[in-house]
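Notes follow the structure.
All chains are identified by letter, namely A, B, C, D, E and F, in their written order; residue positions are counted from 1 within each chain.
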Amino acid sequence: MLAAAQVNAGDTAWMLVATALVLLMTPALGLFYAGFVRSKNTLNTFMMSVAALAVVTVSFAAVGYSLAFSDGNGFIGGLDHAFLRDVGFTPREGMTIPHLLFFAYQATFCIITAALISGAVVERMRFPAFLLFLLVWSVAVYPVLAHWVWGGGWLQERGTLDFAGGVPVEMASGFSALAAALVVRARKDYGRQALLPHNAVFILLGAGLLWFGWFGFNGGSGFGVGNASILAFTNTLLAPAATLVVWFTLDQLRDRKVTAVGAATAIVVGCVAITPAAGFLSPGFAMLLGAVAAVPSYFIILWRPRTRLDETLDVLAAHGTAGLVGILFIGFFAQASWNGVSDGLVFGNAGQLADQALAVLATPAYAFFGTFAILKGIGLLMPLRTSEHEESLGLDVVEHGEEAYATGEGAILLTQEDGARAAEVLQPVPVVP
Amino acid sequence: MKLVIAIVRPERANDVLAALHHADVRGVSISRVQGHGGELERVETYRGTTVAMSLNDKVRFEIAVSDDFCDPTIDALLEGARTGEVGDGKIFVVPLERAIRIRTGEADEAAVTPVAG
Amino acid sequence: MKLVIAIVRPERANDVLAALHHADVRGVSISRVQGHGGELERVETYRGTTVAMSLNDKVRFEIAVSDDFCDPTIDALLEGARTGEVGDGKIFVVPLERAIRIRTGEADEAAVTPVAG
Amino acid sequence: MKLVIAIVRPERANDVLAALHHADVRGVSISRVQGHGGELERVETYRGTTVAMSLNDKVRFEIAVSDDFCDPTIDALLEGARTGEVGDGKIFVVPLERAIRIRTGEADEAAVTPVAG
Amino acid sequence: MLAAAQVNAGDTAWMLVATALVLLMTPALGLFYAGFVRSKNTLNTFMMSVAALAVVTVSFAAVGYSLAFSDGNGFIGGLDHAFLRDVGFTPREGMTIPHLLFFAYQATFCIITAALISGAVVERMRFPAFLLFLLVWSVAVYPVLAHWVWGGGWLQERGTLDFAGGVPVEMASGFSALAAALVVRARKDYGRQALLPHNAVFILLGAGLLWFGWFGFNGGSGFGVGNASILAFTNTLLAPAATLVVWFTLDQLRDRKVTAVGAATAIVVGCVAITPAAGFLSPGFAMLLGAVAAVPSYFIILWRPRTRLDETLDVLAAHGTAGLVGILFIGFFAQASWNGVSDGLVFGNAGQLADQALAVLATPAYAFFGTFAILKGIGLLMPLRTSEHEESLGLDVVEHGEEAYATGEGAILLTQEDGARAAEVLQPVPVVP
Amino acid sequence: MLAAAQVNAGDTAWMLVATALVLLMTPALGLFYAGFVRSKNTLNTFMMSVAALAVVTVSFAAVGYSLAFSDGNGFIGGLDHAFLRDVGFTPREGMTIPHLLFFAYQATFCIITAALISGAVVERMRFPAFLLFLLVWSVAVYPVLAHWVWGGGWLQERGTLDFAGGVPVEMASGFSALAAALVVRARKDYGRQALLPHNAVFILLGAGLLWFGWFGFNGGSGFGVGNASILAFTNTLLAPAATLVVWFTLDQLRDRKVTAVGAATAIVVGCVAITPAAGFLSPGFAMLLGAVAAVPSYFIILWRPRTRLDETLDVLAAHGTAGLVGILFIGFFAQASWNGVSDGLVFGNAGQLADQALAVLATPAYAFFGTFAILKGIGLLMPLRTSEHEESLGLDVVEHGEEAYATGEGAILLTQEDGARAAEVLQPVPVVP
């Protein structure tokens, strides 16, 4: 039970927790998303996140991790760690936690990122098509972007900073969601009927659990309990609070009502914005970032439903945009006296901003076109969405054969033996022509 | 016999029940409905989606009574449900041909309010 | 006066409301019901328990109208609710003896659609 | 034609559906209601708040039938719903003037049970 | 990424987690409280906790932390740490965790304490007035009391012991709630109608999450993994269990029914009671405290609704009273052989009881009168409560323009462009005079 | 505040968290189970888990812990640690965490195990009888089995391996559930009516929280941050994912629908299967175990409702069976190069399989007959189940005097003073004969 010499117990203890916290974020996201849809699509929406837990964990262990984090070229890693080969207790170069734990931590990131994209296609995408999408996306898109900034890829080489995933997580999910919404197209009633969240308590609780998990997401991205982690952790408290305050103010100005769904959204936006920058900004600038990032996301969320773009749960606004703002903000306000790594433009290092800008150009492009191509490809193999009739029945019944809130009235027990009898009993009214 | 249907405000439901009780009306079935009438719509916002809500929560009473009991029942409903503001609701009276108590199978007057008599 | 009851698909409820609005029918109460008719059952599974669901969600409209308004109301219901597929629902018309506005206590025609006139 | 309304125990709802099915009654709409009748109140406590609950959950059936089918329907309801204990519920029969199938617009007998006759 | 020399990795790892756990308690409280109200006030109730996350985080970072924890006089701290000045990685004197983390941990305490008070005023207080209240209270009340016992204030000087917040958290929220209920007055239907919890599952889940978070609350108040923390942590398991057992018994004796809402309440009461005493009592006396504290809270909760005092969610009974009992209990049963600090009366040190009694006199007075004055002051600026009509509509629609459980029926989509058309469609029935 | 010399701060930090995580599992289980029952039994079902938190914590502190973990004979421990005597800060022999923390961690195991059994008897067992059952079972069954594998008992002596509770937790709860279902017998409507889960969101969220907690359950069973813990932790991510993938496939093959309730079940089954084996298998074999364990559980869950056995929430299938598979799997695939302890048959050590087989024979027998006897005994003292009439009213009202989702309509406020008046108002309709 002795750990390898260079493993630090305190760092490892924290990273175990951080990993569990990030894992929790995926069911929390399922809950958050499920609250947003109509009750007839509740389970399907939640299941898209559960599916990510299933599919992406396996694909990431098989090849995703290796493609992201083993040696390769500037674009993509190799297959040295495929099927967890040589992923054991000995820490990776320069780290103080077991390699296996580092893998588990990274896996939870890929899982939630893939799950996030579901927000763009809920209430109409077929579940089998989404399963296939998860599989391909988690191999072809996430690992590439993770490699760029964390696995020794070209952005990391250039010096682009991304503390906890502005590139592979936030911008990737946001711009992938945009592509997914375009390929899968709008729900049939979108823009014609009011499609309202069926349970705002789930949304608020989901947001609360997400924030809780995000302490592991950002606080764990220093891979230990060093200063960077402490800073990232504290900023994850401060930035979303600032976002909330600004969001409240905008809501109040707009129509004198602070909304609960808006507050839940603000928590997510604040957490997203600070994600890339968490370990690089002073607490004061972290709060500024939280405040500033509220604005574009707020107005995109206001504007988007007026368009034909049914990017249903606004992943682009909440993740893509806020992540982009966070990445750029580093370029301005990174402070070497806090992060020990690099200054931003405001502290005299304009080059950092250039490096950040590069990420902001390349990531959306790769995520968007990658996702677009994947979904178009899957569309050739199988239909991407349910029929109009199925859509109006609701995906819970159609795709999963279940209802979220069953009462049992009118439910006739079928046993395998009485299949025949049941069929007779269940015969519908003969339809008069 | 009559079937009296009343649509009232949810916050008056318990007052209506009490008023019916005092009027010796015992049997009653209630359900939640949503109504549209003279009340103002309220505007709600969910992220970027702004909607006008044209329905208000109401409670629907359904009461089978003997002919003699119809007016007392209506009086009790009016007493319990009235606030004087728009949205108080309506009472509808429909002819009732038969009423049957499931437990005993007994029919007509015996099955409706007043129960004993 | 008539009490018009309509059972329609939930996804048509808002269209029905709009059609009623255009027909100048204002007062209406709606509720969620589950219906059994000509639609196919759907099979659901919960762990090892497999069930046939014989009921479908519907929305029930209850509208008290003056005699003259009965046909326009039915037309509006048909217009708003029809999809042409099995399961569109039914309209029932029941005689209405009295209608009373709780707020004012005023009776009959004055209490039902059309409200003014 | 008649509109048959029945208030039954929730736990008998499926038995009622089955009994109706055997009586060849197909069209039916059901909803959840809460009823007050001869059953004892139950006392509930939420922290320091003690309340008497005077309503019990029931299920309401609404069935439009042709005149000939009225008695078989009532028999089926009685068969499916009766337990013999207080609280079994009531059946009400209301005259039905018109019935219209929304899908086709066809009227009266053709629209109610029995469907093909 | 190297931490300052005196930072201990294990202590820091645990305190990161403890901070996240306490942060989670605020959404958990929102859920717990939301379950208690009628469905039309669900979101408003939850939002009062979310508002604390927004407002108090900012106010605490700005001045609250400094007023509590920087040098000052016996009554209040100074402004040395205002706007987080000099709050960096170097631990505070005598500590082994980064200062920034200590700040974050303390912030989560102030947040939840402020949120707790909302329990007294739900279902009628206007949201803007509550926001302002949070701002003022979190600056003028909490930091003062925290300074008294933890920041070098007069109670701490005298030797009053308060492990995790009997003074600034539990008694403060409880007696502030009393004042708030008196100023804001009862709901219009209070005492006339049965106002029942709309979702007891939220209450139970909320209580479960609160208990989970409380391990960080009490277990973290030793600021590391030393003996005091271990003792506090274990006592946070044992005491609430004892409270539950006693509560079950009282319920059973009263009307032969063990209630679920009662059980959820017992969990909170047990956690509250052990809070001040967690690191000072032996496990056995911790269980005794849990058992004993059940009694007064139980009977106050039974008695209060028979009065005109609509202290709606019984913050005084659950927090004020149980916190007071916990503070006093230290005076009797503190045991130096377990806590290494001080004995109580039973172990021969009567002076400790006197010090504890002082806290029990001064804290309620300051909290009560402070809150009373603040709310009266706010009442001069704006109405504290909604109109009767709004109250009967429900605060979700009135204050937030949302419903917790929307179905979409009768919802007519408004777009900015068709405002005019919508207005026409929506015209209500002309009212016959 | 100095810890005893041999206490390791990193290990202790992690074990504090692991303990809190396992504690969270019990309310999570309450939520999970509550989602499965009809709404009229929601609170009763949840309360069975809350009751375990109350009763078992106390009984375990009093004697259970001692019977399991103090010196005794091969069958059962002694009373040296009864009432926590000598359970202080000094670690147990060979451990690096305070003894008190070790106790708290073990207590959370006994709590959840007892709570699990409730799944067999929900919707009909009387609450007082269940309370008594919890008390006796947590003293007479759990500690014995824990002693066998962890407290120096005969299985441990022989070399049987059980990392985190295949014997005392999973098989014990599963086979106890079988006995409980047989003694308490089926619900009156079982097999005649469709008894459906009233809230599948609670099921999914419950499963998510359980998985989250399980990282503490398995990851903490190495009692520190050593290699065994890291391996166990990572396997707790990988194995359930594999189970999910297989379960999806089986669902899809069966009737072309992947179910949400099935997915939640798969998460639990995967976590259970890896529990005994978590620290002994390589990540690859852990995934294999997760995949393999899905199959028997899947088919038992399919088959059981066709029988007369109303083991309502399938504890036997999900816990008993999967735990058994996990225990046996160790005998085949344990790998000393990963666990540093022992090899299984496949790696040349057939003896390990024999030792594992022994546990698989003895544990179910003891759990089954112990539970059977306890319940028969309780049945002599008091009725085990409610009357048919009460069962159809629902246990929330009957046993707890509450409804999970109260609306307040028809609720008449009773105050103690107006008891008389109320009685009059409430007089029911005179019943016509």
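Basically, contacts are C-beta pairs under 8 Å (C-beta built on N, C-alpha and C of every residue); 3 or more make two chains touch, one makes a residue touch a chain.
Remember, predicted model here, so these are calculated numbers, not experimental data.
Under the contact definition, chain A and chain D share the contacting chains B, C, E, F. Under half of the residue numbers at the chain E-chain F interface are used by both copies of the sequence. Remark: chain A and chain F have CA centroids separated by 32 Å (rounded to whole angstrom). Separating the centre of chain B from that of chain D, both taken as means of CA atoms, is a distance of 17 Å. Averaging Cα coordinates per chain places chain D and chain F 43 Å apart. Touching two or more other chains at once are residues 14, 17, 26-27, 30-32, 34, 36-38, 43, 45-46, 49, 51, 54-55, 85-86, 94-95, 101, 115 of chain D. Residues of chain E found to touch two or more other chains are 8-11, 13-14, 17, 193-197, 199, 255, 257, 259, 261, 306, 401-403, 406, 408-413, 415-416, 428-430. The touch graph of these protein chains is complete, with an edge between every pair of chains. By the touch rule above, chain F contacts chain D in their complex via residues 189, 193-194, 389, 392, 397, 401-403, 406, 409-416, 422, 426, 428-431. Against chain D, in their complex, chain A makes its touches with residues 407-412, 425, 428-430, 432. On chain A, the positions that touch chain B within their shared complex are 194-197, 255, 257, 259, 261-262, 265, 301-306, 314. Of all residues in chain E, only 8-11, 13-14, 17, 21, 38-39, 191-201, 204-205, 207-209, 211-212, 215-216, 219, 222, 224-231, 233-234, 237-238, 240-242, 244-245, 248, 252, 255, 257-261, 263-264, 267, 283-284, 287, 306, 340 touch chain F in the complex they form. Within the complex formed with chain E, the residues of chain B that make contact are 9, 11, 14, 34, 36-46, 49-55, 85-86.
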